[in-house]
Structure formats: C-alpha cells, structure tokens
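Note that the chains are named A, B and C in the order they appear, and that numbering of residues resets to 1 at the start of each chain.
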Amino acid sequence: MKGRPANRMSDRIAIAALGASVLLILAILVVIIGNIAIHGARTVTWEFITQPPRDGLMAGGIFPAIVGTAALVILMSIAAVPLGVATAIYLHEYTPAEGLTLAWRRFRLSKGRAGRKRLFFRAMSALLANVTRSAVANLAGVPSIVFGLFGLGFFIQFVGRAIDRATQPPGEVVWGQGSLLWAALTLALLTLPTVIVATEEALRTIPQDLREASLALGATQWETIRRVVLPGALPGILTGAILGISRGAGEVAPILFTGAAYYLPFLPHRVTDQFMHLGYHVLILSTQSPDVEATKPLLYGTVFVLLALTFLLNLAGVIIRVKTRSRR
Amino acid sequence: MTGAFSVAGWVAIVFIFLIFLFTFRETAPVLNLPAMKAFFLARPPVWQPTSDIPKLSMIPIILGTLKATVVGLLFACPVGVAAALFSSEFAPPKLREVIKPVIELLAGIPSVVMGFFALIILATWLQDAFGFVYRLNAINAGLALGFALVPIVYTISEDGLAAVPRSYREASYALGASRLQTAMKVVLPAAAPAVFASFVLAFGRAIGETMILLMAGGNAAITSLTLLDPLRTLSATIAAEMGEVVVGGEHYGALFFMGTLLFVITFISNSFGQWVIRNMQSRMQGGAA
Amino acid sequence: MTTKIEVRDFNFFYGEAKVLHGIEFDIPEKQVTALIGPSGCGKSTFLRSINRMNDIIAGARAEGRIAIDGKDLYAPGIDVVSLRRRIGMVFQKSNPFPKSIFENIAYGLRIGGVKDRRVLDETVERSLKRAALWDEVKDRLGRSALALSGGQQQRLCIARALAVDPDVLLMDEPASALDPIATQKIEELVYELKDNYTIVIVTHNMQQAARVSDRTAFFMLGKLVEYNETRTIFMNPGQKLTEDYITGRFG
C-alpha cells in the first residue's frame, strides 16, 4: 500500500506556527517587563525607596509601602512555612505509601484480630491522607478574593471581635479590625498549598533506602526525618517556600479588607497596626488617582519596585533549584 | 511526634471547611426567596446597590464574568497548547530548558501588575489600533487575563505531553510517520486528558481572578452581549464594593453570596480537573478503555 | 536466492564510542535471517540501523552502506520517512497506541493519506488475518487495544506493521516478554510470514533462532563473527567463538 508522502512544506509551516506561539509569549513578557523597566527606572531613586510620600501622595517616596509589604511577607512566612512543611512531612512520612485502595484491600483480606486492627488504622490513615491532599488541592484553587472575604468574616469579625470582647473594655476595637496579623494569616492560607506541594516533591527525592538504613540502625522515625530526610530535602523546601512567598508578596485581593491602607502617617510597629502595601498602592494609584498623568511616574516607580521584588524572590528560588540539581 | 504532625494534616481540611462556612455564614441577610429572585430574575437586570431603591440583579455581573473568561480562554488555550506542543515535541532539548522558565516568569507577574499594564498601556494600544469606543472593555480585560492564564495551560499540557511514553513515538516513527504527524496523531491525543485538565484549571483561575478585571474591565455592571463594552465581574464587584457596605445589610450579604458562588464554582471545577489528572495515569498505563 | 539487503563495511558510533565494526553480509529475500549474540553485542543496534531508527538518538552516526534492492539507505538525500514505510518494525515490548484496535492498524494508512473507509476496512481485516489475530478480535475492533493480552498486543503490532505492506519486517526480540504459548504463536506466525516478507529477527534465545530462521548471523562485541545457513551455524560452526556461544560456554 503506497500512500501520499507527507507534504514537507505544509509540515514546516505548521511547526513554525507552533514555534510562533512561543515567540508570542516571549514578546508579551518582554513588552510588559520592558515597558515597566523603562518608565519606572526613572522614578526609582534612592529617595524614592527611602522617603515617605508627600503632597497628598502625589510626590515623594514609597518607603512605608516597602516596609509594610516586607512586614506582611515576613509574618506570612512565619505562619505558612513551618505549617506547610509540617503538613507535607505528615503526608509523605507518616501516612501509608501504598494509597487507600491497596490499604483497604489489605484490611479486608486480613485475618487475626491484632493484624486487622493495625491494618484498619492504616487504611484510615490513608483515607485521611487522601482527604487532606484533596483539601490542599482545593485550597489552591480558592479565588484570592474569597480568601479576603474569609479573612474579614473569620479572622476579623469572628476571632478578632472575640479577642476584643475578652480582653478590651467594651466598645474598644483593637483586634476586630484590619491589621498586619490578620492580613498575614489570610495570605499564609493562600500560600500554604504551594509550600506543601513543593515540600512533598522535595521529600520524594530522598530515596526510601536512606530512611530504611536509618531505621535499621535503631533511629526513630522522627530522628530519621530530622537527621536524614530533612537535610537532604532542604534545598527543595527552600525553593518551595520562596516560591510561595513571592506569590504572596504580589497578592492584593486578600488584603483589601484585612488591613491594607492607602495612606498612614506612621510606620506599622505592632501586629495590630494597619499597613501600606506596594501592590495595594498600585491599585489605588491606578484606579483612584485624581490626576492620572501626574501620578504616572509615581505609579510606574511603585510597579517597578513591586515587580523587582517579586522577580528577585523568584530568582533566588531558581538559583537554589539549579544549584542543588547540579550538586546531585 | 506522629501526633504533632497529624495535627498539621488536619489544618488544610479544617480551613477549607471554615472558608466555606464563614463565607456562607455572612450571606444570612440574603438567604431568602425575595433576595434570590432579585439576584437572578429581576427585570430589568441592573446592579445598583447604592441607589435609593437598591437593585441587586447579579445577571450583568455574571455576564461580565463569563465574557472575560471566554475571551481569556480563547487566547490562552490555543497559545498555551501550541507552545506546549512545540516545547515538548519539536524544540531541541536545550531550547526546552529555556522555554519553561521563561513562561514561568510570565506566571510570576503579580496580577495587580498585569492589571496595571492592561489599564495604562494595553488599553491605549488597543484603542489606537481598533478604535474602540470604550477604552476599557471585555477585550482589553479578557486579553490581559489570557496572558495570565497561558502559563497554567502551558505547564499542565506540557507535563502531559512529556509523560506520553517514548514507545508510542517510536512505534509511530517506525511506521513512517513524520514528527508532525506523530505529534498530532499519537502524542496529542494520548495527552488529551492533561490538555483538557489544563483548560479546566485555567477556567477556575479565570473565574476567580480579581485584580486584572477590576483594573482593566471598566467597572460598569451593565448587561450587554458585546465584547466592546466595559464589564464587571463577580470578584471585581466584591473587591470594589466591600469597603463601603454596612455590615450585615443586604448589600453585604449579596457580596458574600457572590463570594460563596465563586467558591462553589471553582471548587467544583478544580475538583473535576484534579479528577481528570488522577485518572489519566491509569489510562496511560494500559487500563482497559 | 536473491539478495534483498546488502550490507557493506558498516560501522556505527554512539558519539565517540564505536559499537559496530565493519559489518558485511547479504540478507536474502523472503527468508528469515536471525541475529544472535550475547547482550550488548550490537545486534539490536544493527537492526535499528536498517530502518534508520537510530537517527532519532542524539550523537548516533553511521558509516558504510546498507542497500535494499540495490539502493543505499544512507545515501545523502534519502527520505527517511518514506524509507520507514517500506520497512516494518516490531519492538521488544509491544507498544500499541492508546486507540482502538482498528485505529491502531489503520494508523499507518491514515498518515499515508488513505481515507477511503472501504480500503481501510479491507486492509485492517487482511492485516489481522495475516497476523493470526482476526478471529480473536473481529467482533471488537472498536475496543481499546490496551485491553488485549500481551501476546495479542504483540500480534496487533505485527498486524499494524504489515498494514502498510512493507517488503521487509524487522523484529527486535518480539517474544521475549511473552509466555511460552504466546511465544509459540509468534514463531509460527514468523514462519508463515516469510512466504511474503523478508524478515530479520533479533533474538537472544538460540533455540528460537534454530527453530525459526533460514540463516543466522552471530554478532559479538560489535563484529559479525559468523554468518551462514542456520543448520550449519548450529551443527557445524566454523568459528570457535560461535561454537562456544552455541554450547553455552558464555552468556
């Protein structure tokens, strides 16, 4: 059976079209970053970074916004990273590796009371792991604005007000309002899935025989994790943490009603303080500026700083990832 | 120590549950038939919560959400899959190592920056090029949204394409197929579940995206079917109006209702996407059709 | 006996490493030629050089001549894609596409531009009959090929290769992953197929080579040690190395 040979020219055109899509994406990237870099670089001077705003925010610097963003990100990391790493350790080290279907089958086919009880709990543990993983995946998909609503409805209205009722004179609102603390916790929830997934991947790269060797020498599971697994997985964990942090640094929707402010005459120094924020500043300057043309330089400068911050964090993560891969 | 770590395991489950609970809880003021009727059946469908007689029809906002999502997906899906195909099947390995991080860089741009770009720069270009009546419209916002969605479609599709076993490609070459034929008739169909899942996850992200659509959409909750009019989405409405509502009032409840709606839609769509990805594995390994 | 494939001074390199040294012999038409030898001797590499499947490996390089019907496959300007249509290949591990049985077989025809449903139906039936699989699957052509047993899948791959009507069939240890009964079926199939096709089969199973082939080539460390009628190789080998291998003195 002899058929028509493939048309070489139309093949080449098709492949070129596919390649063009990559070029298109690259072009979009270059245009966005280039435009911001060119227009923003002019505004970003030492003064810009270190001075507070003046003239009703038409001039001056964005120092408080930088401080606010930094404080927020640090608090968020303190909340998210340990919790995320712990969850990943739980999922990977303390739940059965064989998965629910197998664990349940082994339980159903087992005989003998002691064995059955053990296998039952094993199956339950596998079930819990599945549900947890599902919850993590769903957490990752929750829209950022819904996190903001949750921050408002839960942390501020529920927890914050309860703390106020318990610790403050009646009518006094200290915890039941937007603040660094609640915004940081809200953001921590948002970045949790990123940290968990990246940590699990890092744990997965440690071969099982290392763990077995440690246990065979008489170490407990926790000791094995602490001394053998974690040190090896640390680079991957760091990368994941930095990735999550850089994403959190750029999110604005969750902090809209949980503590961000456009202008504050002082820097935040308590967790119950409100704060200025680079991303929030960009939003307000873009959409509520009385004179768009006049504030454009300021706006570009702020965007520049925000983008630079995000990319620096991303870059740090990539460098760590590359460095550790070459080490292997 | 097992105990301490088990507690960590529960956190994600507890908080997903809490998020739904507390978002839903605040919808209490509007959990009644008259309010629901006003949301979905009011004629004319107008959203004006701050006028003397508040009009709370969600139709224009839902329509706006759909318009922006459709435009975004129409851009991101073909471009993302094409880039993934090129990267996985035709690019030399060194080039592939470069393409992936570059596209991830696009994913690293915060959505408020993308919104800024669309508002200040893209809108002007589009208007100069096409003469739009309204500078901020569904095309502007949808296109910027599409830029943000491309990395999602690309990453998941590319993973799916790369996971297709080498033996399939070899069998195809041995039968005298060209690289293009192999890519389009063997590899892409085999990776179809992954590509589909990438669309579903991009959809979920599009529905929930706030900043880009808030800044670049024009902020007008109008019921119109043309893409040249400004729009408002569910998330943008929440973002724009939550700051000024009376806690516990109808407007407040309506906004939280939108939030609950967003949560449920993205929950379903993301669960579906995860399910497709999980089932893909067994198909590839030779599970019976 | 007409020569179908002519090999002259054929050398093959993976990067700097030379893995085939000066291979030279003639493969006859419509007979089964077996390539035997210990692991790593280059027999699979040589087989894959015939349909230039090694081209897809980075750093692979060939020198010398392999000609089918007098035409050098490695001449500059040869269209590898059409070349592969004239040569069918069956792999060690069966690799049906995740498509239906019908679509697997029809694949080679479709990429060649054949669209006529009748032609496809006829060719699919003929190929499955030639591969001794038709009776087992004729009622479920629309079902997934992955649902078949290992032996059936391998026969499906043979049918798929036959569908484009090649002159030459290359088989790389086609039965090594199969149980004895499935293996026997494959061997019977090879025996029947040689009436119409030139077959080159790589096998590490000497008894299989003895059962199935007309001529046998013994490879070792990338060199062709001995090539002769199968009876001669196994009863009366000319080289000591061959005799040592046949009698099991080394793996």
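Everything that follows uses one rule, which is that contacts are C-beta pairs under 8 Å (C-beta built on N, C-alpha and C of every residue); 3 or more make two chains touch, one makes a residue touch a chain.
Predicted, not measured: the structure shown is a model, and the values here were computed from it.
Top contact pair of chains, counted by C-beta pairs, is A-B.
Relative to subunit A, the most remote chain by averaged C-alpha coordinates is C. Once the centre of each chain is set as its mean CA position, subunit A and subunit C turn out to be 53 Å apart. Taking each chain's centre as the average of its CA atoms, subunit A and subunit B sit 18 Å apart. Inter-chain centre distance (subunit B to subunit C, centres taken as mean C-alpha positions): 49 Å.
Multi-chain contact residues of subunit A, defined as those touching 2 or more other chains: 6. Residues of subunit C in contact with two or more other chains: 81-82, 85, 111-112, 164.
Shown for subunit B are the residues that touch two or more other chains, namely 177-178, 181.
For subunit A in complex with subunit B, the touching residues are 6, 11, 14-15, 17-22, 24-26, 28-29, 32, 35-36, 83, 86-87, 89-91, 93-95, 128-129, 131-132, 134-150, 152-154, 157-158, 189, 192-193, 196, 220-222, 246-247, 249-253, 256-257, 279, 282-283, 286-287, 296, 299, 303, 306-307, 310-311, 314, 318.
For subunit C in complex with subunit B, the residues that touch the partner chain are 51, 53, 56, 58, 81-86, 88-89, 91, 93, 95-100, 107-108, 110-112, 143-144, 146-147, 157, 160-161, 164.
Across the complex, subunit B meets subunit A through its residues 1-2, 4-6, 8-13, 15-16, 18-19, 22-23, 25-26, 78-79, 82-83, 85-87, 90-91, 99, 101-103, 105-106, 108-117, 119-121, 147, 150, 154, 177-181, 201, 204-205, 207-211, 214-215, 219, 235, 238-239, 242-243, 247, 255-256, 259, 262-263, 266-267, 269-271, 274. Contact residues on subunit B toward subunit C in their complex (touch as defined above): 93, 165, 167-168, 170-178, 181, 185-186, 189-190, 283-284, 286-289.
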